[in-house]
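Submitted below is the structure of interest, expressed as structure tokens.
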Amino acid sequence: MTIAMGFGIYLRNIKDALATIADGMAVTASHMIRKPVTLEYPDRLPDGVRVQDTLPFRYRGILEVDLEICTACLACERACPIDCIVIEAEKDKAAGGLVMTRFDIDMGKCMYCGLCSEPCPTGSIHHTPEFEGADYSLESLVRRFVKAPTLAYKPKKSGEDDPVIKPILDRGMRYLAEFADPDAK
Amino acid sequence: MGLTGFEVEVQRETEDGGFVTEDMTLSMGPQHPSTHGVLRFVVRADGEVMKEAIPDIGYLHRSIEKIAEKVGWHGFIPYTDRVDYVAAMFCNHGWTMAAEKLGGIEIPKRAEYCRVIADELCRIHSHLLSVGTMAMDIGAFTPFTHAIREREYLNDLFEELCGARLTFHYMRIGGVGWDLPPGWTDKVIHFLDRFEPIVDEYDRLISFNKIYVERLVNVAVISEEEAIDYNLVGPNLRGSGVSYDVRRDDPYSIYPELEFDVPIGRGEVGTLGDCFDRYIVRMREMRESCRIIRQCLRQLPDGPVIARVPRAFKPPAGDCYVRLESARGDMGWYVVSDGTAFPYRCKIRTGSFAAISMTQHVSRDLMLADLIAVIASFDLVAPEIDR
Amino acid sequence: MPLDATGVHARLRERFGEAIGDLAGTGRDASCSVEPARIVEVCQFLRTEPALRFDCLSNLSGVDYPKRNAIQVVYHLFSYPLRHWIVLKVDAKRDDPVVPTVCDVWSAANWQEREVFDLLGVTFTGHPDLRRILMPEDWPGHPLRKDFVEPQEYHGISTSRESLLRT
Amino acid sequence: MTEYPSMESLVRGLIDSGAAPAGVPAWIHQLLAMLIFGGIVVFGFVLPIAGITTWVERRVMGRIQSRIGPNRVGPLGFLQWLADGVKNMLKEDIVPSAADGPLFRAAPYVVMTGFVGSFAAIPFGGSLIIADVNVGILYVTAVTALVVVGILMAGWASNNKWSLLGGIRSAAQIVSYEIPAGLSIFPIVMLAGTLSMQGIIRAQGAAPWAWYLFDNPFTFVAFFVLFVSALAEGNRTPFDLPEAESELVAGFATEYSGMRNLLFFMAEWGNLYVIGAIATTLFLGGWQIPWALDDHPVLRNALQFGVFFTKSYAFVVLAIWLRWTLPRIRVDQMMEMCWKYLVPIALVNFLGTATWMVLFPDGVAPVRWLLLLVAVVAIAAFVRRVAFHIRYARLERRHLSFNPLATARSPG
């Protein structure tokens, strides 16, 4: 009796092994016929397509600052949990406002959390879809946005009318509406 | 032909004519293909049979608990992404839950739904990696790539939801960072429609493969009592037949409003509590997660997704302990506040930490190859252990 | 029958009297302090008493309170059969923190105590394998103490990187 | 049956026709001719086939895994194997200081010898064989066993515990699986009445029902036993325990780098073809073609070579396909499978075939037809299953991803 049962188990083991292996092989065989899903980044993309352009709006890539609309409020510097942003600005009566002498971001330290772009009042500091940031030295990863002392932007009550600044500000506000301000629809 | 310093098993004759054999000490890891990051095991083996495997951790210790004391309540959220980077959403959720509990913040309904949808997607995300690497550790590489392929779609979804593929930083104290993007829910539905058959296919490819089953059944059997005694959690605990899921039994967020089953190991092909049970629980949990996401998307209410929380968030002094069901089970956050803008102490008790403390106990007298199956079946994730 | 924290606390008071402090906090976070010397006894009681049956040590953590000159070891206990909770807090002296181990009560305590020993320097007497767990064996100090100062270098390796921002 | 001119007679013919200088002993001619033919076979066939198999393996694996595989070097990435070979040759040849130098250096050559040596007796066509020795099949099984010596040497000499475990596993595995493999060769040897490779092929026919595979139910089973044992001897998944990546890092090859590492893997991939050639010779009618073509020896040999190569290479693809489907078995299960499953079954086949030969000395035609039908039905069922899988879970990236690239047709 037990011998017969044991032999039954023996045969069942063989049957199970053959059946499950065959089914697994059918799955893999079916994949040989299906299309692969690989995207051949970066050099074999369809004509004229940049991956950066296809990324979603919320994508948190390398940080960019539009100095034209930066109010030098230091909200981003305070929000950054790893202190990778440094801003230096001082009041200058002659120039009529805050003058920024330094706006540095160490992209080697940045962890792309997006906390800096949330409190920004104008959408000046924002993430771009750019993600290819490899470089040869740590020093070159520090992005220094202020080339020469710059007057900080002052929001106008009547709305912006400077034709140079307006599109930039519009972009910033749109960014805020869609990205940074969670309440906006 | 100098072969000095070669500590292999040596047979020597003893005085009474018998043989003594020396054990071989193997250092498995921290650089070893199947130690899931940087774990190390000091294995004492007699040929292929292990006498003991002593885990040695700390290679991925990034002092996240200490960082918590330095960066403030909001600023710590991105760091929680790194606690368990395979399933970052849960750590986001745990930290924000703890902070909200301390600060007494009500969060909007829609935010709860967004959190649960993200959590469950993340659970699938994490379980896919777990079952995939498990198959790879057992020697089948193809299931791993299939799992990663599906995971890639999830990454796309997460990228659209929160702008990052791995370190999400989606949740905020008081809600979530962003509402679901337009058209995103349709994509999730499409994903689920496609994913559910893929799970079946995955089952046919590997789960019930005779060789695979034989490798896993009756290996490292953990009884119910042992599992609780060692504080195993999540799929590892349920694999031992304990029907306990924080989502169901100690509900948080909107889980009481949702209908789902808690799969437990049944020992259908071997002994209850073996590696196969732990594995198959994960496979079944992915299906349940699909069910939960579908319900959430159906019931999704309108409204804001974040409550008004001051930037200088200072919860009153006190401590709290919150638990949530992460991909690796019950994750405990013990957070102490002293009323300042910086957390006073944050202790993260993770599922993998308990599981790895158990490996030494369960790995006695297993084969060397079984140790790999045990590591994989526990779903050990090194960053979560070391933090 | 699951008990709430008050019920568990009442049972403990009944059994151990003054060794158990008052109940503080509400709900899940309701905690009571325990005299360090009697913690093993209390845990053993909590684990074996049929009406309590705390079979799971959910979390064991340590908190440094330099102002009170204490390191507090916090035990979060949970019962799978009865689904109730209690939090125990043990204050150890900061200059010589010694707490008896609860390894024999719950196996889960083994590694969690090692972690508290490593990061806060609490010595758990009677622990079978009290070694550093996360930090290197020869690391000076216990990092989660509030007065811990990170050494400038470890075996000749600098522990910090010069900031490129203020140059 | 037509007596085909063998390569040896070709040599003799060359000597007789005076193409070779006189005054030199005939055996030197013979030896030189052998060397030249051997060189042609090794460098013209064996090494390229091992290399190309790596490319085939990676392409097949890629498709199985929804990937593309190598597609940059040459058309469809075909020249990838050459690029890899050149890269490996240029790499540093590291010998660990604690290793046993001479043994460590020699091991890959021993493995290579065992693998290349087997080609001396493997046929390519009716008259294309280096040496049609009368103990051909015995010679092939014997010389391939040299591989285990090399692997054991590599494992021991590396002075690395992982390598040693790999070497020991390999030894245990190959020694064990020689037995079912040998026992599955016996029925064919009995049926054919010869050990010569060409003799065995000539005893079969070109049509499937004239193959030894369908001769009787026992040879039908013996074929599968042989295939499984051969996979184990070739260290292929599910029997890739000696180099089990997730367990033993890279097993016996852990410490090897550059060209020596390449030699090991060339032997591994080349052995796949050897496995296929043996199975084809024994069970699938070898190079038999339905036409005699006595007047066109070149065409005949080309056709025969084509038939033989196709059959053999089908096994290579099958082994690759198996490798990327199956997990790896454990070392105790490997032994259990050999001694509890394959050896008894092989013994039954052996005895069964002997009995069959006594009962039906001329074979039974209906049984042949029936077995052929079984095989056809099994394949048809399998194809239906594949179709089912394709229908069941479609890979549609279109709806899933926001990424417009996702729907673009990927080249290659």
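Order of writing sets the chain letters: A, B, C and D. Residues in each chain are counted from 1.
As a working rule, a contact is a pair of C-beta atoms (placed from the backbone, for glycine too) under 8 Å apart; a residue touches a chain by one contact, two chains touch by 3 or more.
All values derive from a computational prediction rather than experimental measurement.
Trainee: Would you indicate which pair of chains has the most C-beta pairs in contact?
Mentor: B-D
Trainee: For subunit C, which other chain has the most distant CA centre?
Mentor: It is D.
Trainee: What is the distance, in whole Å, between the centres of subunit B and subunit D, each centre taken as the mean of its C-alpha atoms?
Mentor: Inter-chain centre distance comes to 42 Å.
Trainee: Could you grab the centroid distance between subunit B and subunit C? Build each centroid from C-alpha atoms only and quote it in angstrom.
Mentor: Measuring from centre to centre gives 24 Å for this pair.
Trainee: At what distance in angstrom does the C-alpha mean of subunit C lie from that of subunit A?
Mentor: So the centre of subunit A lies 40 Å away from the centre of subunit C.
Trainee: Return the distance between the CA-based centres of subunit C and subunit D, expressed in whole Å.
Mentor: Inter-chain centre distance comes to 62 Å.
Trainee: Multi-chain contacts in subunit B: which residues touch at least two other chains?
Mentor: Touching at least two other chains: 142, 149, 160, 201, 204-206, 209, 211.
Trainee: Please list all residues of subunit C that touch 2 or more other chains.
Mentor: Touching at least two other chains: none.
Trainee: Touching two or more other chains, which residues of subunit D qualify?
Mentor: 64-67, 324-326, 389, 397, 402-403
Trainee: Using the contact rule from the top, write out all pairs of chains that touch.
Mentor: A-B, A-C, A-D, B-C, B-D
Trainee: For the complex, which residues does subunit A have touching subunit B?
Mentor: Residues of subunit A touching subunit B: 13, 16-17, 20-21, 23-24, 26-28, 37, 55-60, 79-82, 111-115, 118-119, 127, 179, 182-183, 185.
Trainee: Which residues of subunit C touch subunit A in the complex?
Mentor: Answer in residue numbers: 163-166.
Trainee: How about subunit D: which of its residues touch subunit A in the complex?
Mentor: Touching subunit A: residues 60, 62-68, 321-322, 324-326, 340-341, 382, 385-390, 395, 397, 402-406, 408, 410-412 of subunit D.
Trainee: Mind pulling up the subunit B residues that touch subunit C in the complex?
Mentor: For subunit B paired with subunit C, touching residues are 57-58, 61, 63, 65-66, 225-226, 228-231, 242, 244, 249-250, 318-321, 323, 330, 332, 334, 336, 344-345, 347, 349, 353-354, 356-358, 361, 386-387.
Trainee: Would you pull the subunit D residues touching subunit B in the complex into a rising list?
Mentor: 61, 64-67, 98, 100, 102-103, 159, 161-162, 164-165, 168-169, 237-238, 240, 244-247, 249, 324-333, 389, 392-394, 396-397, 399-403
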